[in-house]
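Please go over the structures that come below.
Shared chain: chain A. Partners: chain B in the first complex, chain C in the second.
And now, the complex of A and B:
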(Lines of atoms letter the chains of each structure in order from A and count residues from 1; the text may use other names and numbers.)
(Lines give C-alpha, C1' and ligand atoms only; values in the text may rest on other atoms or scores of the structure.)
Protein backbone atom coordinates (compact mmCIF):
# COMPACT_ATOMS: atom_id res chain seq x y z
CA UNK A 1 0.00 0.00 0.00
CA UNK A 2 1.35 3.37 -0.95
CA UNK A 3 0.85 6.61 0.98
CA UNK A 4 -2.04 7.59 -1.26
CA UNK A 5 -3.84 4.35 -0.48
CA UNK A 6 -3.36 4.94 3.24
CA UNK A 7 -4.80 8.44 2.88
CA UNK A 8 -7.74 7.06 0.87
CA UNK A 9 -8.44 4.45 3.55
CA UNK A 10 -8.31 7.12 6.25
CA UNK A 11 -10.78 9.29 4.32
CA UNK A 12 -13.12 6.32 3.84
CA UNK A 13 -13.06 5.45 7.52
CA UNK A 14 -13.61 9.07 8.56
CA UNK A 15 -16.59 9.38 6.22
CA UNK A 16 -18.08 6.18 7.63
CA UNK A 17 -17.61 7.42 11.19
CA UNK A 18 -19.44 10.61 10.24
CA UNK A 19 -22.28 8.51 8.83
CA UNK A 20 -22.51 6.57 12.10
CA UNK A 21 -22.53 9.84 14.06
CA UNK A 22 -25.38 11.09 11.89
CA UNK A 23 -27.39 7.94 12.57
CA UNK A 24 -26.87 8.25 16.32
CA UNK A 25 -27.80 11.93 16.19
CA UNK A 26 -30.94 11.22 14.18
CA UNK A 27 -32.09 8.76 16.82
CA UNK A 28 -31.08 10.75 19.89
CA UNK A 29 -32.05 14.33 19.06
CA UNK A 30 -35.55 15.59 19.70
CA UNK A 31 -36.64 18.24 17.24
CA UNK A 32 -36.50 18.37 13.46
CA UNK A 33 -33.92 21.16 13.41
CA UNK A 34 -31.65 19.22 15.78
CA UNK A 35 -31.93 16.18 13.52
CA UNK A 36 -31.05 18.32 10.52
CA UNK A 37 -27.95 19.50 12.38
CA UNK A 38 -26.92 15.90 12.96
CA UNK A 39 -27.81 14.78 9.46
CA UNK A 40 -25.80 17.34 7.52
CA UNK A 41 -22.46 15.79 8.54
CA UNK A 42 -22.41 12.79 6.16
CA UNK A 43 -24.33 14.79 3.57
CA UNK A 44 -21.53 17.30 3.07
CA UNK A 45 -18.32 16.30 4.82
CA UNK A 46 -18.78 12.52 4.59
CA UNK A 47 -19.55 12.54 0.88
CA UNK A 48 -16.72 14.97 0.17
CA UNK A 49 -14.29 12.75 2.11
CA UNK A 50 -15.40 9.69 0.15
CA UNK A 51 -15.01 11.58 -3.13
CA UNK A 52 -11.53 12.67 -2.00
CA UNK A 53 -10.72 9.05 -1.23
CA UNK A 54 -11.83 8.07 -4.73
CA UNK A 55 -9.57 10.72 -6.23
CA UNK A 56 -6.63 9.72 -4.01
CA UNK A 57 -7.02 6.13 -5.13
CA UNK A 58 -6.87 7.08 -8.81
CA UNK A 59 -5.46 10.64 -9.12
CA UNK A 60 -6.13 11.46 -12.74
CA UNK A 61 -8.04 14.25 -14.45
CA UNK A 62 -10.47 11.75 -15.96
CA UNK A 63 -11.79 10.87 -12.51
CA UNK A 64 -11.42 14.37 -11.08
CA UNK A 65 -14.08 15.76 -13.46
CA UNK A 66 -17.05 13.63 -12.42
CA UNK A 67 -15.94 13.71 -8.79
CA UNK A 68 -15.83 17.51 -8.76
CA UNK A 69 -19.22 17.63 -10.46
CA UNK A 70 -20.72 15.24 -7.91
CA UNK A 71 -19.21 17.20 -5.01
CA UNK A 72 -20.43 20.57 -6.26
CA UNK A 73 -23.94 19.31 -7.02
CA UNK A 74 -24.11 17.65 -3.61
CA UNK A 75 -23.08 20.81 -1.75
CA UNK A 76 -25.44 23.06 -3.69
CA UNK A 77 -28.50 20.77 -3.57
CA UNK A 78 -28.02 19.83 0.10
CA UNK A 79 -27.99 23.48 1.13
CA UNK A 80 -31.13 24.25 -0.86
CA UNK A 81 -32.97 21.16 0.42
CA UNK A 82 -31.97 21.93 4.01
CA UNK A 83 -33.27 25.47 3.57
CA UNK A 84 -36.62 24.20 2.34
CA UNK A 85 -37.02 21.63 5.13
CA UNK A 86 -35.92 24.10 7.81
CA UNK A 87 -38.33 26.76 6.58
CA UNK A 88 -41.22 24.32 6.57
CA UNK A 89 -40.30 23.04 10.03
CA UNK A 90 -39.88 26.52 11.46
CA UNK A 91 -43.16 27.74 10.00
CA UNK A 92 -45.06 24.84 11.48
CA UNK A 93 -43.33 25.15 14.85
CA UNK A 94 -43.97 28.85 15.15
CA UNK A 95 -47.60 28.50 14.12
CA UNK A 96 -48.25 25.85 16.78
CA UNK A 97 -49.50 26.95 20.21
CA UNK A 98 -46.87 27.02 22.97
CA UNK A 99 -46.74 24.17 25.43
CA UNK A 100 -46.93 25.99 28.76
CA UNK A 101 -49.65 28.36 27.59
CA UNK A 102 -48.31 31.42 29.41
CA UNK A 103 -45.44 33.73 28.73
CA UNK A 104 -42.64 33.56 31.31
CA UNK A 105 -42.33 36.62 33.50
CA UNK A 106 -38.94 37.39 34.91
CA UNK A 107 -39.48 40.56 36.87
CA UNK B 1 -7.88 -2.75 1.94
CA UNK B 2 -10.50 -5.43 2.46
CA UNK B 3 -10.41 -4.88 6.23
CA UNK B 4 -10.92 -1.15 5.65
CA UNK B 5 -13.85 -1.96 3.41
CA UNK B 6 -15.40 -4.24 6.03
CA UNK B 7 -15.04 -1.64 8.79
CA UNK B 8 -16.43 1.13 6.58
CA UNK B 9 -19.38 -0.98 5.48
CA UNK B 10 -20.06 -1.93 9.12
CA UNK B 11 -20.09 1.70 10.25
CA UNK B 12 -22.27 2.73 7.31
CA UNK B 13 -24.68 -0.13 8.07
CA UNK B 14 -25.02 0.91 11.71
CA UNK B 15 -25.68 4.51 10.67
CA UNK B 16 -28.16 3.42 8.01
CA UNK B 17 -29.99 1.21 10.51
CA UNK B 18 -30.37 4.15 12.90
CA UNK B 19 -31.55 6.32 10.01
CA UNK B 20 -34.07 3.67 8.99
CA UNK B 21 -35.36 3.64 12.56
CA UNK B 22 -35.92 7.40 12.36
CA UNK B 23 -37.45 7.00 8.89
CA UNK B 24 -40.09 4.62 10.19
CA UNK B 25 -40.59 6.23 13.57
CA UNK B 26 -40.28 9.93 12.75
CA UNK B 27 -43.18 11.87 14.21
CA UNK B 28 -43.51 14.28 11.31
CA UNK B 29 -43.02 14.02 7.58
CA UNK B 30 -40.14 16.50 7.73
CA UNK B 31 -38.21 14.12 9.96
CA UNK B 32 -38.74 11.45 7.35
CA UNK B 33 -37.52 13.84 4.65
CA UNK B 34 -34.33 14.50 6.62
CA UNK B 35 -33.84 10.78 7.21
CA UNK B 36 -34.31 10.03 3.51
CA UNK B 37 -31.74 12.66 2.60
CA UNK B 38 -29.23 11.22 5.07
CA UNK B 39 -29.91 7.74 3.74
CA UNK B 40 -29.16 8.92 0.21
CA UNK B 41 -25.87 10.40 1.40
CA UNK B 42 -25.01 7.10 3.07
CA UNK B 43 -25.74 5.26 -0.17
CA UNK B 44 -23.33 7.64 -1.90
CA UNK B 45 -20.68 6.86 0.72
CA UNK B 46 -21.19 3.13 0.27
CA UNK B 47 -20.96 3.43 -3.51
CA UNK B 48 -17.74 5.41 -3.21
CA UNK B 49 -16.23 2.89 -0.80
CA UNK B 50 -17.11 0.06 -3.16
CA UNK B 51 -15.50 1.91 -6.06
CA UNK B 52 -12.29 2.53 -4.13
CA UNK B 53 -11.88 -0.96 -2.73
CA UNK B 54 -12.92 -2.93 -5.80
CA UNK B 55 -10.97 -0.57 -8.10
CA UNK B 56 -14.03 -0.24 -10.31
CA UNK B 57 -14.90 3.33 -11.23
CA UNK B 58 -17.77 2.49 -13.56
CA UNK B 59 -20.30 3.63 -10.92
CA UNK B 60 -19.30 7.28 -10.96
CA UNK B 61 -22.60 8.39 -12.62
CA UNK B 62 -24.49 6.71 -9.78
CA UNK B 63 -23.08 9.33 -7.42
CA UNK B 64 -24.38 12.15 -9.58
CA UNK B 65 -27.81 10.56 -9.93
CA UNK B 66 -28.08 9.90 -6.19
CA UNK B 67 -27.15 13.49 -5.38
CA UNK B 68 -29.83 14.98 -7.61
CA UNK B 69 -32.39 12.35 -6.58
CA UNK B 70 -32.00 13.17 -2.90
CA UNK B 71 -32.46 16.85 -3.66
CA UNK B 72 -35.71 16.29 -5.58
CA UNK B 73 -37.17 13.97 -2.93
CA UNK B 74 -36.37 16.22 0.01
CA UNK B 75 -37.58 19.41 -1.63
CA UNK B 76 -40.83 17.86 -2.84
CA UNK B 77 -41.56 16.44 0.61
CA UNK B 78 -40.85 19.81 2.22
CA UNK B 79 -43.17 21.52 -0.25
CA UNK B 80 -46.03 19.07 0.18
CA UNK B 81 -45.89 18.75 3.96
CA UNK B 82 -45.03 22.29 4.87
CA UNK B 83 -48.13 23.23 6.79
CA UNK B 84 -50.08 20.08 7.60
CA UNK B 85 -49.80 16.33 8.20
CA UNK B 86 -48.53 16.22 11.72
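And now, the complex of A and C:
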Protein backbone atom coordinates (compact mmCIF):
# COMPACT_ATOMS: atom_id res chain seq x y z
CA UNK A 1 0.00 0.00 0.00
CA UNK A 2 1.48 3.29 -1.08
CA UNK A 3 1.28 6.61 0.73
CA UNK A 4 -1.36 7.75 -1.78
CA UNK A 5 -3.57 4.79 -0.95
CA UNK A 6 -3.29 5.58 2.74
CA UNK A 7 -4.21 9.22 2.11
CA UNK A 8 -7.13 8.15 -0.08
CA UNK A 9 -8.37 5.75 2.58
CA UNK A 10 -8.10 8.44 5.25
CA UNK A 11 -10.06 10.95 3.15
CA UNK A 12 -12.71 8.36 2.34
CA UNK A 13 -13.10 7.41 5.99
CA UNK A 14 -13.24 11.04 7.16
CA UNK A 15 -15.78 11.86 4.44
CA UNK A 16 -17.95 8.94 5.52
CA UNK A 17 -17.77 10.05 9.16
CA UNK A 18 -18.97 13.51 8.15
CA UNK A 19 -21.83 12.00 6.14
CA UNK A 20 -22.73 9.95 9.21
CA UNK A 21 -22.63 13.10 11.37
CA UNK A 22 -24.99 14.77 8.90
CA UNK A 23 -27.42 11.87 9.24
CA UNK A 24 -27.23 11.87 13.04
CA UNK A 25 -27.77 15.64 13.07
CA UNK A 26 -30.88 15.27 10.93
CA UNK A 27 -32.33 12.89 13.49
CA UNK A 28 -31.20 14.76 16.60
CA UNK A 29 -31.82 18.43 15.82
CA UNK A 30 -35.29 19.70 16.55
CA UNK A 31 -36.23 22.37 14.04
CA UNK A 32 -36.12 22.50 10.27
CA UNK A 33 -33.51 25.26 10.23
CA UNK A 34 -31.27 23.37 12.66
CA UNK A 35 -31.61 20.28 10.52
CA UNK A 36 -30.61 22.25 7.45
CA UNK A 37 -27.27 22.94 9.13
CA UNK A 38 -26.70 19.26 9.77
CA UNK A 39 -28.02 18.06 6.44
CA UNK A 40 -26.22 20.47 4.15
CA UNK A 41 -22.98 21.33 5.84
CA UNK A 42 -20.92 18.38 7.06
CA UNK A 43 -22.26 16.90 3.87
CA UNK A 44 -20.37 19.42 1.67
CA UNK A 45 -16.99 18.77 3.23
CA UNK A 46 -17.78 15.05 3.35
CA UNK A 47 -18.52 14.88 -0.36
CA UNK A 48 -15.45 16.97 -1.18
CA UNK A 49 -13.28 14.60 0.89
CA UNK A 50 -14.73 11.56 -0.88
CA UNK A 51 -14.04 13.21 -4.25
CA UNK A 52 -10.49 13.98 -3.10
CA UNK A 53 -10.10 10.34 -2.10
CA UNK A 54 -11.20 9.27 -5.57
CA UNK A 55 -8.63 11.57 -7.13
CA UNK A 56 -5.87 10.31 -4.81
CA UNK A 57 -6.76 6.81 -5.92
CA UNK A 58 -6.18 7.75 -9.60
CA UNK A 59 -4.22 11.02 -9.58
CA UNK A 60 -4.42 11.98 -13.26
CA UNK A 61 -5.73 15.02 -15.13
CA UNK A 62 -8.36 12.84 -16.76
CA UNK A 63 -10.02 12.13 -13.41
CA UNK A 64 -9.40 15.60 -11.97
CA UNK A 65 -11.73 17.31 -14.48
CA UNK A 66 -14.99 15.49 -13.71
CA UNK A 67 -14.21 15.44 -9.97
CA UNK A 68 -13.60 19.21 -9.89
CA UNK A 69 -16.87 19.77 -11.76
CA UNK A 70 -18.74 17.51 -9.34
CA UNK A 71 -17.29 19.33 -6.31
CA UNK A 72 -18.04 22.78 -7.76
CA UNK A 73 -21.63 21.79 -8.58
CA UNK A 74 -22.07 20.37 -5.09
CA UNK A 75 -21.10 23.61 -3.37
CA UNK A 76 -23.26 25.79 -5.63
CA UNK A 77 -26.38 23.61 -5.72
CA UNK A 78 -26.35 22.68 -2.03
CA UNK A 79 -26.43 26.31 -1.00
CA UNK A 80 -29.25 27.16 -3.41
CA UNK A 81 -31.32 24.16 -2.29
CA UNK A 82 -30.61 24.95 1.38
CA UNK A 83 -31.71 28.53 0.88
CA UNK A 84 -34.98 27.47 -0.75
CA UNK A 85 -35.86 25.12 2.12
CA UNK A 86 -34.67 27.56 4.80
CA UNK A 87 -36.70 30.37 3.28
CA UNK A 88 -39.86 28.29 3.13
CA UNK A 89 -39.35 27.15 6.70
CA UNK A 90 -38.60 30.69 7.92
CA UNK A 91 -41.64 32.10 6.14
CA UNK A 92 -43.85 29.50 7.82
CA UNK A 93 -42.39 30.44 11.21
CA UNK A 94 -41.39 26.90 12.04
CA UNK A 95 -37.92 27.92 13.18
CA UNK A 96 -39.00 28.19 16.82
CA UNK A 97 -38.58 24.95 18.76
CA UNK A 98 -41.83 23.28 19.82
CA UNK A 99 -42.86 24.34 23.34
CA UNK A 100 -43.89 20.94 24.63
CA UNK A 101 -40.71 19.23 23.49
CA UNK A 102 -42.61 17.04 21.06
CA UNK A 103 -41.41 16.39 17.55
CA UNK A 104 -42.11 19.28 15.17
CA UNK A 105 -45.24 18.67 13.17
CA UNK A 106 -43.97 20.10 9.92
CA UNK A 107 -41.88 17.20 8.71
CA UNK B 1 -17.54 45.61 -24.35
CA UNK B 2 -18.74 45.10 -27.89
CA UNK B 3 -21.78 42.84 -28.01
CA UNK B 4 -21.05 41.79 -31.59
CA UNK B 5 -17.63 40.48 -30.61
CA UNK B 6 -18.72 38.74 -27.40
CA UNK B 7 -21.99 37.41 -28.79
CA UNK B 8 -22.03 37.23 -32.60
CA UNK B 9 -25.23 36.36 -34.42
CA UNK B 10 -25.48 32.81 -35.74
CA UNK B 11 -28.58 32.09 -37.85
CA UNK B 12 -30.33 35.11 -36.36
CA UNK B 13 -29.62 34.35 -32.73
CA UNK B 14 -26.88 35.65 -30.46
CA UNK B 15 -24.40 33.03 -29.28
CA UNK B 16 -22.50 34.26 -26.22
CA UNK B 17 -18.89 33.19 -26.67
CA UNK B 18 -17.90 33.18 -22.96
CA UNK B 19 -20.68 30.66 -22.33
CA UNK B 20 -19.54 28.53 -25.30
CA UNK B 21 -15.98 28.62 -23.93
CA UNK B 22 -17.19 27.46 -20.51
CA UNK B 23 -19.28 24.65 -22.05
CA UNK B 24 -16.28 23.56 -24.12
CA UNK B 25 -14.19 23.46 -20.94
CA UNK B 26 -16.84 21.36 -19.18
CA UNK B 27 -17.12 19.02 -22.18
CA UNK B 28 -13.34 18.54 -22.34
CA UNK B 29 -13.13 18.01 -18.59
CA UNK B 30 -15.86 15.38 -18.72
CA UNK B 31 -14.08 13.50 -21.50
CA UNK B 32 -10.93 13.85 -19.44
CA UNK B 33 -8.62 14.32 -22.37
CA UNK B 34 -7.51 17.48 -24.18
CA UNK B 35 -7.53 16.44 -27.83
CA UNK B 36 -8.51 18.27 -31.02
CA UNK B 37 -11.58 16.06 -31.37
CA UNK B 38 -12.79 16.79 -27.84
CA UNK B 39 -12.21 20.52 -28.20
CA UNK B 40 -14.11 20.62 -31.51
CA UNK B 41 -16.86 18.43 -30.10
CA UNK B 42 -17.20 20.70 -27.06
CA UNK B 43 -17.24 23.79 -29.29
CA UNK B 44 -19.96 22.26 -31.48
CA UNK B 45 -22.01 21.14 -28.48
CA UNK B 46 -21.63 24.57 -26.84
CA UNK B 47 -22.79 26.42 -29.94
CA UNK B 48 -25.74 24.07 -30.47
CA UNK B 49 -26.84 24.28 -26.82
CA UNK B 50 -26.56 28.07 -26.58
CA UNK B 51 -28.36 28.46 -29.94
CA UNK B 52 -31.20 26.09 -29.09
CA UNK B 53 -31.62 27.39 -25.51
CA UNK B 54 -30.92 31.12 -25.72
CA UNK B 55 -30.36 33.11 -22.54
CA UNK B 56 -30.73 36.89 -22.37
CA UNK B 57 -27.41 38.58 -23.12
CA UNK B 58 -26.74 40.37 -19.84
CA UNK B 59 -23.58 41.39 -18.07
CA UNK B 60 -23.55 39.34 -14.84
CA UNK B 61 -21.44 42.05 -13.21
CA UNK B 62 -18.68 39.70 -12.13
CA UNK B 63 -15.00 40.49 -12.65
CA UNK B 64 -12.74 37.81 -11.25
CA UNK B 65 -9.68 39.19 -9.51
CA UNK B 66 -7.12 36.34 -9.26
CA UNK B 67 -5.46 37.52 -6.04
CA UNK B 68 -8.80 38.13 -4.37
CA UNK B 69 -10.08 34.78 -5.64
CA UNK B 70 -7.15 32.83 -4.18
CA UNK B 71 -7.51 34.68 -0.89
CA UNK B 72 -11.23 33.98 -0.84
CA UNK B 73 -10.76 30.27 -1.64
CA UNK B 74 -8.15 29.86 1.11
CA UNK B 75 -10.44 31.59 3.61
CA UNK B 76 -13.36 29.48 2.39
CA UNK B 77 -11.43 26.23 2.80
CA UNK B 78 -10.28 27.00 6.34
CA UNK B 79 -13.69 28.34 7.36
CA UNK B 80 -15.40 25.22 5.98
CA UNK B 81 -13.17 22.90 8.01
CA UNK B 82 -13.48 24.89 11.25
CA UNK B 83 -17.24 25.30 10.98
CA UNK B 84 -17.81 21.67 9.98
CA UNK B 85 -16.01 20.63 13.17
CA UNK B 86 -18.22 23.04 15.12
CA UNK B 87 -21.44 21.60 13.66
CA UNK B 88 -20.22 18.03 14.19
CA UNK B 89 -19.40 18.93 17.80
CA UNK B 90 -23.00 20.07 18.35
CA UNK B 91 -24.29 16.96 16.60
CA UNK B 92 -22.64 14.69 19.17
CA UNK B 93 -23.06 17.12 22.10
CA UNK B 94 -26.07 16.24 24.26
CA UNK B 95 -28.91 18.74 24.35
CA UNK B 96 -30.15 21.16 21.69
CA UNK B 97 -27.53 23.37 20.00
CA UNK B 98 -27.54 27.14 20.53
CA UNK B 99 -29.08 28.89 17.52
CA UNK B 100 -29.78 32.48 16.71
CA UNK B 101 -31.32 34.56 13.94
CA UNK B 102 -29.34 37.67 13.07
CA UNK B 103 -30.40 40.46 10.72
CA UNK B 104 -27.36 41.72 8.84
CA UNK B 105 -27.23 44.76 6.59
CA UNK B 106 -25.13 44.37 3.43
CA UNK B 107 -23.22 47.32 2.07
CA UNK B 108 -23.06 46.34 -1.59
CA UNK B 109 -25.89 47.21 -3.95
CA UNK B 110 -24.87 44.76 -6.69
CA UNK B 111 -27.23 41.82 -7.03
CA UNK B 112 -24.42 39.52 -8.16
CA UNK B 113 -22.40 40.31 -5.04
CA UNK B 114 -25.45 39.69 -2.84
CA UNK B 115 -26.07 36.32 -4.51
CA UNK B 116 -22.42 35.26 -4.17
CA UNK B 117 -22.40 36.35 -0.53
CA UNK B 118 -25.54 34.31 0.13
CA UNK B 119 -24.06 31.24 -1.58
CA UNK B 120 -20.89 31.60 0.51
CA UNK B 121 -22.79 32.08 3.78
CA UNK B 122 -24.94 29.05 3.10
CA UNK B 123 -22.04 26.86 1.96
CA UNK B 124 -20.10 27.54 5.13
CA UNK B 125 -21.37 25.29 7.89
CA UNK B 126 -23.14 26.75 10.88
CA UNK B 127 -24.69 29.66 9.03
CA UNK B 128 -27.68 29.74 6.74
CA UNK B 129 -29.50 32.53 4.93
CA UNK B 130 -33.16 32.26 5.91
CA UNK B 131 -34.46 35.31 4.09
CA UNK B 132 -33.34 38.23 1.95
CA UNK B 133 -34.93 41.65 2.33
CA UNK B 134 -34.01 43.39 -0.92
CA UNK B 135 -35.48 46.79 -0.02
CA UNK B 136 -33.51 47.05 3.21
CA UNK B 137 -30.39 45.29 1.82
CA UNK B 138 -30.65 42.93 4.76
CA UNK B 139 -30.22 39.22 5.26
CA UNK B 140 -31.74 37.11 8.00
CA UNK B 141 -28.94 34.70 8.89
CA UNK B 142 -29.51 31.64 11.04
CA UNK B 143 -26.38 30.59 12.96
CA UNK B 144 -25.87 27.35 14.82
CA UNK B 145 -23.36 26.38 17.47
CA UNK B 146 -22.18 29.76 18.72
CA UNK B 147 -23.14 30.06 22.40
CA UNK B 148 -23.81 33.40 24.04
CA UNK B 149 -24.65 36.75 22.51
CA UNK B 150 -23.18 36.59 19.01
CA UNK B 151 -25.15 39.19 17.03
CA UNK B 152 -22.27 41.64 16.70
CA UNK B 153 -19.72 38.90 15.97
CA UNK B 154 -21.90 37.45 13.22
CA UNK B 155 -22.45 40.90 11.71
CA UNK B 156 -18.69 41.54 11.69
CA UNK B 157 -18.05 38.12 10.12
CA UNK B 158 -20.55 38.68 7.33
CA UNK B 159 -19.28 42.19 6.62
CA UNK B 160 -15.78 40.72 6.30
CA UNK B 161 -17.10 37.97 4.04
CA UNK B 162 -18.86 40.52 1.86
CA UNK B 163 -15.60 42.44 1.50
CA UNK B 164 -13.75 39.25 0.51
CA UNK B 165 -16.41 38.42 -2.09
CA UNK B 166 -16.31 41.90 -3.58
CA UNK B 167 -12.51 41.85 -3.69
CA UNK B 168 -12.57 38.48 -5.48
CA UNK B 169 -15.50 39.01 -7.87
CA UNK B 170 -16.54 42.66 -7.77
CA UNK B 171 -16.34 45.27 -10.49
CA UNK B 172 -14.44 48.47 -9.82
CA UNK B 173 -17.71 50.20 -8.92
CA UNK B 174 -18.54 47.46 -6.39
CA UNK B 175 -15.15 47.91 -4.76
CA UNK B 176 -15.47 51.69 -4.63
CA UNK B 177 -18.79 51.24 -2.87
CA UNK B 178 -17.21 49.40 0.05
CA UNK B 179 -14.44 51.90 0.63
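We take it that the second predicted complex is superposed on the first by the 91 of 107 C-alpha atoms of A that agree within 3 Å, B and C clash if a C-alpha of one lies under 4 Å from a C-alpha of the other, contacts with A are read in each partner's own complex, and residues count from 1 in each chain.
Operating definition for what follows: contacts are C-beta pairs under 8 Å (C-beta built on N, C-alpha and C of every residue); 3 or more make two chains touch, one makes a residue touch a chain.
This structure is a prediction, so every number in the text was calculated from the model and none was measured.
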Is A:90 in contact with chain B, with chain C, with both, or with neither (first, second, both, neither)? second
So, does A:34 touch the first partner chain B, the second partner chain C, both, or neither? second
Give one of first, second, both or neither to describe whether A:5 is in contact with chain B, with chain C, with both, or with none. first
In this superposition, the partner of chain A with more touched residues, chain B or chain C, is B
Going by the contact rule set out at the top, does A:68 touch chain B (first), chain C (second), both, or neither? second
With both complexes overlaid on chain A, does A:58 touch chain B (first), chain C (second), both or neither? first
Please work out whether A:50 is in contact with chain B alone, chain C alone, both, or neither, and reply first, second, both or neither. first
Set intersection of chain A contacts, chain C complex versus chain B complex: 21, 24, 36, 42, 63, 66, 69, 78, 80, 87, 89, 91, 95
Touching chain C in the complex: which residues of chain A? 18, 21, 24-25, 28-31, 33-34, 36-38, 40-42, 44-45, 60-63, 65-66, 68-69, 75-76, 78-80, 82-83, 86-87, 89-91, 95, 97
Residues of chain A defined as touching chain B within the complex: 1, 5, 8-9, 12-13, 15-17, 19-24, 26-27, 32, 35-36, 39, 42-43, 46-47, 50-51, 53-54, 57-58, 63, 66-67, 69-70, 73-74, 77-78, 80-81, 84-85, 87-89, 91-92, 95
Contacting residues of chain C [partner chain A, same complex]: 26, 28-30, 32-33, 80-81, 83-84, 87-88, 90-92, 96-97, 99, 101, 118-120, 122-126, 128-131, 140, 142, 144-145
Complex contacts: residues of chain B adjacent to chain A: 1, 4-5, 7-12, 14-19, 21-22, 28, 30-31, 33-35, 37-38, 41-42, 44-45, 48-49, 51-52, 55, 57, 60-61, 63-64, 67-68, 70-71, 74-75, 77-79, 81-83
